[in-house]
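Look for subunit A in each of the two complexes below; its partner is subunit B in the first and subunit C in the second.
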Partner chain A sequence: MKEFIINTDEIANLISSLPADKWDILAPAKDGKSFDYVLSSDKPIINSEAPPSKISFKEYFFPKSETLFYYKREANEISLTEPKFAEKKLLVLAAKPCDAASLPILSKVFNWDYKDEFFNKRVNNSVIIGLSCAYSDESCFCTSVGLDRNNTKGSDIFLTPFNDKQYVLSVVSDKGDSFVKEFLPNLTEFTGTKETKEFIDNKPFDYKKTKDWIAANFENKIWAETGEVCIGCAQCAFVCPTCHCFDIVDENCDLNCGRRIKNWDACQFGVFTKHASGHNPRNSQEKRYRQRVSHKFDYYYEKFGEVLCTGCGRCTRGCPAGIDIGEIVFSISNQ
Partner chain B sequence: MNIYKPELVEIKDIIEETPDIRTLRLQFKNPETQKAFAFKAGQFAEYSVFGEGECTFCIASSPTRPEFLECSFKMAGKVTKAMSKLNIGDTMGLRGPYGNHFPIEDMKGKNIVFIAGGIGMAPVRCIIWNVLDLKDQFKDISIIYGARTVADLVYKNELEDWKKMAGVKTVVTVDPGGETPDWNGEVGFVPSIVEKVSPKAENTVAIICGPPIMIKFTMPVLKKLGFKDDDIITTLENRMKCGLGKCGRCNIGSVYVCKDGPVFTYTQMQQLPDEF
Partner chain C sequence: MPDLIEIAKGLLESKEVSFIIGYTKDRFGRVKPYIAKSVEDANNLMFDHHSIHNLAVYLTRLKIPENGRVGIVAKSCDIKAIIALIQENQIKREQVYIIGMNCSGVVTHSTDEWKKENIQIKCKYCADKAPMLYDAVAGTAEPFEQPDDTQEVLMQKLETMSSAERWDFWAKEFEKCIKCYACRQVCPMCYCEQCLAEKNQPQWITTSPTPAGNFSWNIIKAFHMAGRCVGCHECERACPMGIPLTLLTRKMGMVAGKEFNYRHGMAIDQPTLVGSYNFNDNEDFIK
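Up next, the complex of A and B:
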């Protein structure tokens, strides 16, 4: 892996020098007390110690609502037109490892057979600069799902703080290499040793053991216990970097035109699996919560070889009912 | 390629099967698409009414009759309600074919028992015609079909055609109380009619589709008759949106019904978590 030294001025220069008509920049910024990924931020927070944003950056690759095509009726003829796709490239600056890793994980489901060009175009059009993470709280558990503070999965370029003014820039992917050659051609090569903090997960679990336990415990009281607490609001799915369930609906502009859109949806909603006949395979919150945990730690791993979770802890931090998924999985893996 | 964008199809004919079930005969607007469209019995499609949305049904016509496609549906939700108001000549959208199919190659040289209940006849009708159009490649054919009432029977004319065919035993039944004074078929629930017909299990494949309750009570009958789990084939009808293995709606465990199904053997069904 090629490594360079980059100082904060050079990062500021990079942001101001990227042609605005060709590039959007997405970076964490402070909005009141919380952090969020903000588009074209002129004050990005490149701070390893910043907490994760409220919502992951998923929506920039898999939007909350995305037009699939437009339909128009004239006389009795219907015509369909493709949505225009933004030509601009996206630079994501200072992505947390637990956000960057979500892209290759999501790519599995969006490409395992039919290819979702909406997701792929957005990913191909982006360059992800990951940032080593020095934050942790009781909701974090990235190390238990095979990641860590310095994991470069999903990043094209990765920054590790070296001192107050300097970062070590690692080139991770070919896309990252091209970007550095084009926009950061004068960096000094780094040959020293990086010092990084270790993350100690206070409730570590073994995701392989968790998978086996879930596969053997479709019927278990833990699902009823959690299902009783869960209010089915699905905030966990919406803030999650890897939840990807969606709905497809039509939205009319008038009687003769409209668009078909793909909207975020979630397995925690009662109507999600409900048949038109009224039959509902997952007709209780107990079954729906079991589905969420099982899909993340058993089914997705079984099918795609990836845990559908990056341990970012957002679902736990935001849960209005106080459900802690890390705690649940920790207790599962220790049974 | 935009995998979510349907092709345009025109409604060429409409058959009112029952008070709430309709069959639409569809043809692609683009003759090239019609020519290129290939599917196998058991596969499904996503049908659109623009402005209302998409709905999932099996393709109810046989691949041996490729000049058109048919779907049969029961008026139940938003899209099927809209579909029940469409007329001949109207345009719809269609994406597909999706999913796996009945193992027709493996069924050749065997006896086939078709068991269907209600609208569950739609996927079975597709494979029935597929088998009947290649009849010399199969042995004895039995068709056992039941609905709640005489009025609820679908494909009424075709049931009569099948009754007249040599080498095909067709038994039609209605639930007790669902018969009319001139009804000359059976009266009784599908499981008991299967027991009465008692098809032999040796070298036989059973294809069964219908309401979950019918399947639940027919399985023990088939087991008693000696059918092996691998030789009992059914389809699962989970709610779907994309049909492409992405939207996460039809999953049962790690199985995507839209990709790994909708056709499953009874052996495969028993390996799934009990969530369908």
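Up next, the complex of A and C:
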């Protein structure tokens, strides 16, 4: 891995010198008390100690609402038009390792049988600069799902703080390599050693074993106990970097035109599995919550060999009912 | 005064209630809703300034046995929601055993300290912090510094805006909405078996989280709270996008108070504002 030294001024220069008509920059910024990824913020925050944003950056790759095509009827002819796709490039700056890692996870789903061209285009048009993380709270558990503070999964370039003014910049992917060559050609090579903060996982589990327990415990009281306090919103799924369910609907503008749209959806909603007949196979929150955990730690693992979770803890921090997914999986794996 | 755990144990032991909806602390000290079903479980119950959740929401979410009774730990603001649910015929008075808590104000996040800046604005207006309808009372209220009503400042600012400016303000806020429906799910007064937002024949609300879809959702949710919102601020706490939802519901509550001299959730036998008709009802303020 090629490594360079980059100082804060050089990062500021990079931000101001990227041609604004070709590049958007997405970086964390502070809004009141919470952090959020903000597009073209004038105060991007590059700080490893910052907490994760309230909601992940997945919206920039898998928008909350996306037009697939427009339809129109004239006389008796029906015509379809494709939506305009903004070909602008996206630089994500200071992504948490637990955010960056979600892109390869989502990619597997969006390329498994059908290739989602919109998602792929957005990923191809982006460069992710990950930032080593020095934050942690009770909700984090990245090391339990095979990641860590310095994990470069999903990043094209990775920054590790070296001192107050300097970062070690590691080139992770070919895309990252071309980006550095084009926009940061004058960096000095780095040869020293980096020091980073250790992460102490307070709910360690082995994600490779969790799967079997979940499969064997389809009926366990933990689902009922969680389901009775879970109020069934989709906060957890919508803030999550890896949840990817969507609903496809048609919206008409009048009798003769409209568009087909893909919107975020989530398994915590009662209507998610409700059949037209009125029958609902997941007719209680207990079953719906079990689906959430099973999909993430069993079904996805079964299919793709990794879990559908980066341990970012967002779902937990924001849960209005105080449900902690890491704690649930931890207790599962310790039973 | 008997403490919460003792009361709860007594109720569960005598089987006077089938379970108690209360709060507990997880092993990291974070407070969360908890259902105590046995005398043993009762030991896990607690209450403090992090007991922010309005547990009245569970009265319509959980199955209350037909002729049975359940216990609920409630702050005075939560009791308003319980009263409102009784007024709206969703539960019967005898179905709930209310353990009213003397409250010292609550803070929004589980990690926030109990201090002025973090205490919820609603606590400023909570008359005496003592429960107004209860079967037992527990806890001691400690004096605390009143928070600043930053919302009132914003409300005044909105009042002075032109309708076009107000439209822009809300367009910007609603744009953020991701349609997670946490505001609905957490709301004790949102108990419809089928929400209007889930109806598709006809489709009243566009399901997309687009400007049009968000406006129809957020405005309809707010309208359905006219004269019904009890001001618990749970919707705003739950909203992951930080939309100031209670600005709307609080304003409507103020209108209900001013124009109809009505406040929801104050007395179980009072007819509801939207469920009763009076010839003298003021209507000239409706434009």
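Observations, loosely collected:
Just so we're on the same page, the second predicted complex is superposed on the first by the 335 of 335 C-alpha atoms of A that agree within 3 Å, B and C clash if a C-alpha of one lies under 4 Å from a C-alpha of the other, contacts with A are read in each partner's own complex, and residues count from 1 in each chain.
By our rule, contacts are C-beta pairs under 8 Å (C-beta built on N, C-alpha and C of every residue); 3 or more make two chains touch, one makes a residue touch a chain.
In this text the structure is predicted, and so the values were computed from the model without any measurement.
After superposition on subunit A, the partners subunit B and subunit C are accommodated together without colliding. Of the two partner chains, subunit B and subunit C are each touched by A:247. Judged by the touch definition given at the top, the superposed model places A:163 against neither subunit B nor subunit C. Subunit B and subunit C, viewed from the C-alpha centre of subunit A in the overlaid structures, lie at an angle of 90 degrees when rounded to the nearest 10. Of the two partner chains placed by the overlay, neither subunit B nor subunit C lies in contact with A:186. Once chain A of one complex is fitted onto chain A of the other, the partner contacts of A:275 are limited to subunit B, with no touch recorded for subunit C. Of the two partner chains placed by the overlay, neither subunit B nor subunit C lies in contact with A:16.
After overlaying the two complexes on the shared chain, residue contacts for A:235 are found with subunit C alone; subunit B is out of touch. In the superposed model, A:65 lies in contact with subunit C only, and not with subunit B.
Put simply, more of the residues of subunit A are touched by B, taking subunit B and subunit C as the two choices.
In the superposed model, A:76 lies in contact with subunit B only, and not with subunit C.
Measuring only between alpha carbons, the smallest separation of subunit B from subunit C in this overlay is 6 Å.
Annotation: subunit A residues 247, 249 touch subunit B in one complex and subunit C in the other. By the touch criterion given at the top, residues 1-6, 8, 48, 50-54, 76-77, 80, 89-91, 93, 212, 237-239, 241-242, 244-249, 251-254, 259, 273-276 of subunit B touch subunit A in their complex. Per the touch definition, subunit C reaches subunit A in the complex via residues 26-28, 30-35, 53, 57-58, 61-62, 110-111, 178-182, 184-186, 198, 206-210, 213, 234, 237-238, 240-242. Listed in rising order, the residues of subunit A touching subunit B in the complex are 68-69, 71, 73, 76-78, 80, 82, 109-110, 112-117, 218, 244-250, 252, 255, 258, 260, 262, 265, 267, 272-277, 279, 281-282, 287, 291, 294-295, 298-300, 302-303. On subunit A, the positions that touch subunit C within their shared complex are 31-32, 34, 54-55, 64-65, 137-138, 202, 225, 228-229, 231-235, 237-239, 247, 249, 251, 261, 263-264, 266, 269, 271, 285, 318, 320-324, 327.
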